[in-house]
Amino acid sequence: MLRIAVLGCGRIGRMHAENIHAHPRAELAGVFDVVEAAAKEVAANLSVKQFASADDIFSANEVDAVLVATSTPTHADFIEAAVTAGKPCLCEKPIDLSVARVKACASAIAGTTVPIMLGFVRRFDKGHAAVRAAIEAGQIGDVHQVVITSRDPDIAPDAYIEVSGGIFRDMTIHDFDMARFIMGEEFETISAVGARLVAPALMERCDDYDTVTVTMTTASGKQCVISNSRRAVYGYDQRVEAFGTGGMAISENHPENNARLYGGAYTDQKAPLLNFFIERYAQAFASEIDAFVDAVENAAPPAVGFDDGHKALLLAEAALISVREGRPVHLKEVE
Amino acid sequence: MLRIAVLGCGRIGRMHAENIHAHPRAELAGVFDVVEAAAKEVAANLSVKQFASADDIFSANEVDAVLVATSTPTHADFIEAAVTAGKPCLCEKPIDLSVARVKACASAIAGTTVPIMLGFVRRFDKGHAAVRAAIEAGQIGDVHQVVITSRDPDIAPDAYIEVSGGIFRDMTIHDFDMARFIMGEEFETISAVGARLVAPALMERCDDYDTVTVTMTTASGKQCVISNSRRAVYGYDQRVEAFGTGGMAISENHPENNARLYGGAYTDQKAPLLNFFIERYAQAFASEIDAFVDAVENAAPPAVGFDDGHKALLLAEAALISVREGRPVHLKEVE
Amino acid sequence: MLRIAVLGCGRIGRMHAENIHAHPRAELAGVFDVVEAAAKEVAANLSVKQFASADDIFSANEVDAVLVATSTPTHADFIEAAVTAGKPCLCEKPIDLSVARVKACASAIAGTTVPIMLGFVRRFDKGHAAVRAAIEAGQIGDVHQVVITSRDPDIAPDAYIEVSGGIFRDMTIHDFDMARFIMGEEFETISAVGARLVAPALMERCDDYDTVTVTMTTASGKQCVISNSRRAVYGYDQRVEAFGTGGMAISENHPENNARLYGGAYTDQKAPLLNFFIERYAQAFASEIDAFVDAVENAAPPAVGFDDGHKALLLAEAALISVREGRPVHLKEVE
Amino acid sequence: MLRIAVLGCGRIGRMHAENIHAHPRAELAGVFDVVEAAAKEVAANLSVKQFASADDIFSANEVDAVLVATSTPTHADFIEAAVTAGKPCLCEKPIDLSVARVKACASAIAGTTVPIMLGFVRRFDKGHAAVRAAIEAGQIGDVHQVVITSRDPDIAPDAYIEVSGGIFRDMTIHDFDMARFIMGEEFETISAVGARLVAPALMERCDDYDTVTVTMTTASGKQCVISNSRRAVYGYDQRVEAFGTGGMAISENHPENNARLYGGAYTDQKAPLLNFFIERYAQAFASEIDAFVDAVENAAPPAVGFDDGHKALLLAEAALISVREGRPVHLKEVE
């Protein structure tokens, strides 16, 4: 049994804690949150220890590994602390909003053998993973175009948006990772357009965008398109398409249930899409814990590493330059 | 060019006339209808001859073959006339509402080499035909269960229902033929239940049913179910499912177009189903003409023969006995 | 927290134990199995008590309620014991293979206020439940026809089949319950055909059937069809269709993931269906525990009661008479 | 009856001739092709006159209107001839490969009341049109993103590609028109990437691309993406998605038939997509003739005008500059 402690008891932290609690090869070693009440509730519900500080977790003998689900500005510090403590770490994305801080963190942990895994949970979705598996099995040949559609069911509260780091670092970052995962090749150029159509005043105030389209190309000319919107009234729109020389694979959306309705004016109507990521990616979050336990148990490199978090952030950085300067950006400009 | 004359210029006759007119290897040799105005209009629109009588058609040298789309009571007579005249005949279903009349007709034309084809148009639907083709290609192994759903968009006018011969002879007869086509084996027993749920008063008056479920078995125990209703508000529901040892094949419905709509309360909504048979089976009606021309040109037995019309009627007869007497009926009781 | 003990630590019992363990308002009070090793493993994995006997569970103060997942012949006894002990009970289906025993059990517990819930888990599937919800919301009007397709991915081992009580009591019984749930009205007549196509020798030996089609009608003439097979190579085929005056609702199958594959010879191909009930109905099994906890907490009648188990068994009994005697059976013959 | 003559008896011309022949309110007034044998065959098959020259058609009293399906370099000349002759004209796209020639043609016919309709046939596809209709009915609110996928089943012969004018003017031009049709607003900027992945040597020789991704924005920031490939092994991939504040509408692909296949390793598999445009857009080509006849009969402006052809070509021109210069292009640069 891998004894994992959870740092951060917000909505995502709680879910991770429950998944660890339910996992057959892991146990929840305890929780911590700067908001004591939050940690207390989770600890009580799952009958586990509430740690007094993050430091206590990193120094506890009864903790084998940590899951970091705290606020973004703490991620890089906790990754460094985990490496220092020799405790494998599964850290929520992003590593940091600042490329400089991520680079510093990379230097700080360079050469470590402590497994550091990044929480790009979508890689563990069975549908998205099946697209990648089809590619690896040669079922669709060489991939020429990847099309990712990713739209939130609704825009987050103003307070969240204001500190989010902007749509590219906060939302598209998942799609940048998915693009790399599916394409299996690094991107070289990026070109983005952004608009303020969903919440113009808020976006104006934050110098941010709520509706973006991003195009990326690899050195060999392969293409990827990402379509984002902060609001899709029909639910959380999450689709991935890979088009290749031998065929195509598409990971489709997840409606709330599998029923279809027919009436006088329509046929084949499904329910709205599962809303939001905790529901839509429930299977993926559970599988992510599984992959982390696997990596630690087998002393294998995690499925998603620190470098993946770094590279996704560079794409976000380049996208932001592109939309602001109205030109394609070469990735080497930001590396 | 096969010169085909059309007897009957009602809705179906007109459609057949247009399909013949548009067919690359056939030409419309003329039309006839006892309602002169109906024939006149079709003849004018398509610039063809209006014959003065059915006899004129059967004796005309410039007519190579005939298509019979007149009222049911005339079908058997015209089939016999076609055989006598040596003119290949494509006749709308059913041959007759009376089993005795069909048997007499069978005797009358016994041994003829004149191609007589029955208008069980659904066999020519690309989807239904693909189910049969999958079976013949061995893709789903031995067929164990066939499930046919067949619901009209709305009940026909009272006047039509009153002379229709009842739901089994008028509507289910298509499904009986489809069941034989898909199963590729004759049925031995039939068991039917019927209800008056759509138009109870009319059904009561006609001693008919508007909602029926029929189960048939072959000698080897294979099973077929047919579900019929005279009214499906979402359109013309036409589905065929074949379940076998190696898999399953399903021919799905046809919505009016291929668009899908997403809104705040639903996703993936399609349009109502194509409504009614002229629209839904447009491709099949055109392919049926094609198959008829093929059969005549190649002096080959038509894809659907007189015997198929006969056998479907026997199933209808047996179903009626079953529902009235509340017991399974063995086909030999009606043969 | 409702403290639930689990009797029976086979595959289903283990799954229930894990679901209780993971449930936010329940806790696993302990387990028991006549096979000690089975109980020991579950107890160890989930860190709970292993009871020495069923009696110990029924007399334990720290047990608020019980879940019975033992072999069928013990179900009725444990239900009676639960009532005597005043412990709410969620019992796997069927109550018993013998109608007489079920009737005796019904008498024994008559008038009890202890909640007894039957494990017809499919009612809790979000898709099937959405069909029922659409009916209750009036979205499809009066239901005229219900079509249930239920095919296992593969036939169970001989040893299981031999003591299963036959396909109607073992497999179709779920569909009988589903039919009552969806139709919302009792059935009056039943007519079944059965064949031995999947495993003829085994079926012959057990005087059982592996491929059946069942038709049922209500007093008002509404119709339900059930199609069963013991082997569907493409996976666990579980579909429910309700056709009504205002529309139709269909609960569709669940493929292993939501990806679709396109190749040179095909498009839109999905993965095989989830296989088997533990995977397919994972959500439903979890929701079932939820419904049980709700019922106990609110002192409300369970969503599925003892009577539902009783009625489903009567339908199974009648179906068996129908297929053996080759005639429709009126339910009053078996009540 | 509108008497329409067809100029050009290649594959598309023949199809148009047949559609006119079959149209209830039109008749085929004759045909012409510089390849006499081609015209002769069509004339014989459909029993119509073979004109000796295009001039003969423009001066013939028995010709009310013309359909131009000749090679691209003749289009602008014939449009001018039609205007001079006062004969309504339905002209295949593109008007010309040269923006200068199109502008000259626009000047030459400026102010004419003779209906000139451009053959952007996809607007008449029932699925694509349903997307536009949903927008106009307000069903999906304000459109924020349009996603068009358009991939040919296979690359055209070298000889065709060499004179095609390049992928943007030859293939994407349809998608540019579709983008304008669906968005209902003009685009202001365009950004394109292109690659040589399908037929690198040929593309290199022609200085052309076989795989492109195009992003366009309107003045208000709305976005459109087009994904093109010259080869999709699964068939002719033609999808249109409109995402708006109130929902989304998607026009889906058309498989060869509506059957779905299930086997041991897959479920729900459809046939390859209809291949190629004559099959996929058969309904649209017939409806296009209908719209042309309507426009002429009602003296109404055609659904697709000369200006639509002009604007689509400007988008193609701008896309080409963008991909060559590696920068976004403002449409005013090419107007």
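Chains here go by letter, A, B, C and D, matching the order in which they are written, and residues are numbered from 1 within each.
The criterion applied here is as follows: a contact is a pair of C-beta atoms (placed from the backbone, for glycine too) under 8 Å apart; a residue touches a chain by one contact, two chains touch by 3 or more.
It should be emphasised that the depicted structure is a prediction, and the values quoted were computed from it without experimental measurement.
Among the other chains, the CA centroid farthest from that of subunit C is the one of D.
Across A-B and A-C, it is A-C that has more C-beta pairs touching. Mean C-alpha positions place subunit A and subunit C at a centre distance of 38 Å. Work out the mean CA point of subunit A and of subunit B, and you get 56 Å between them.
Within subunit D, residues 233-234, 246-248, 253, 261-264, 271 each touch two or more of the remaining chains. For subunit D in complex with subunit A, the residues that touch the partner chain are 141-142, 144-145, 147, 149, 151, 189, 191, 193-198, 211-213, 215, 217, 220-223, 225, 227, 229, 231-234, 237, 243, 245-248, 326-328. For subunit C in complex with subunit A, the touching residues are 18, 21-22, 24, 45, 126-131, 134, 139-140, 246-254, 256-264, 271. Every residue of subunit A that touches subunit B in the complex is listed here, in rising order: 233-235, 253, 255, 261-273.
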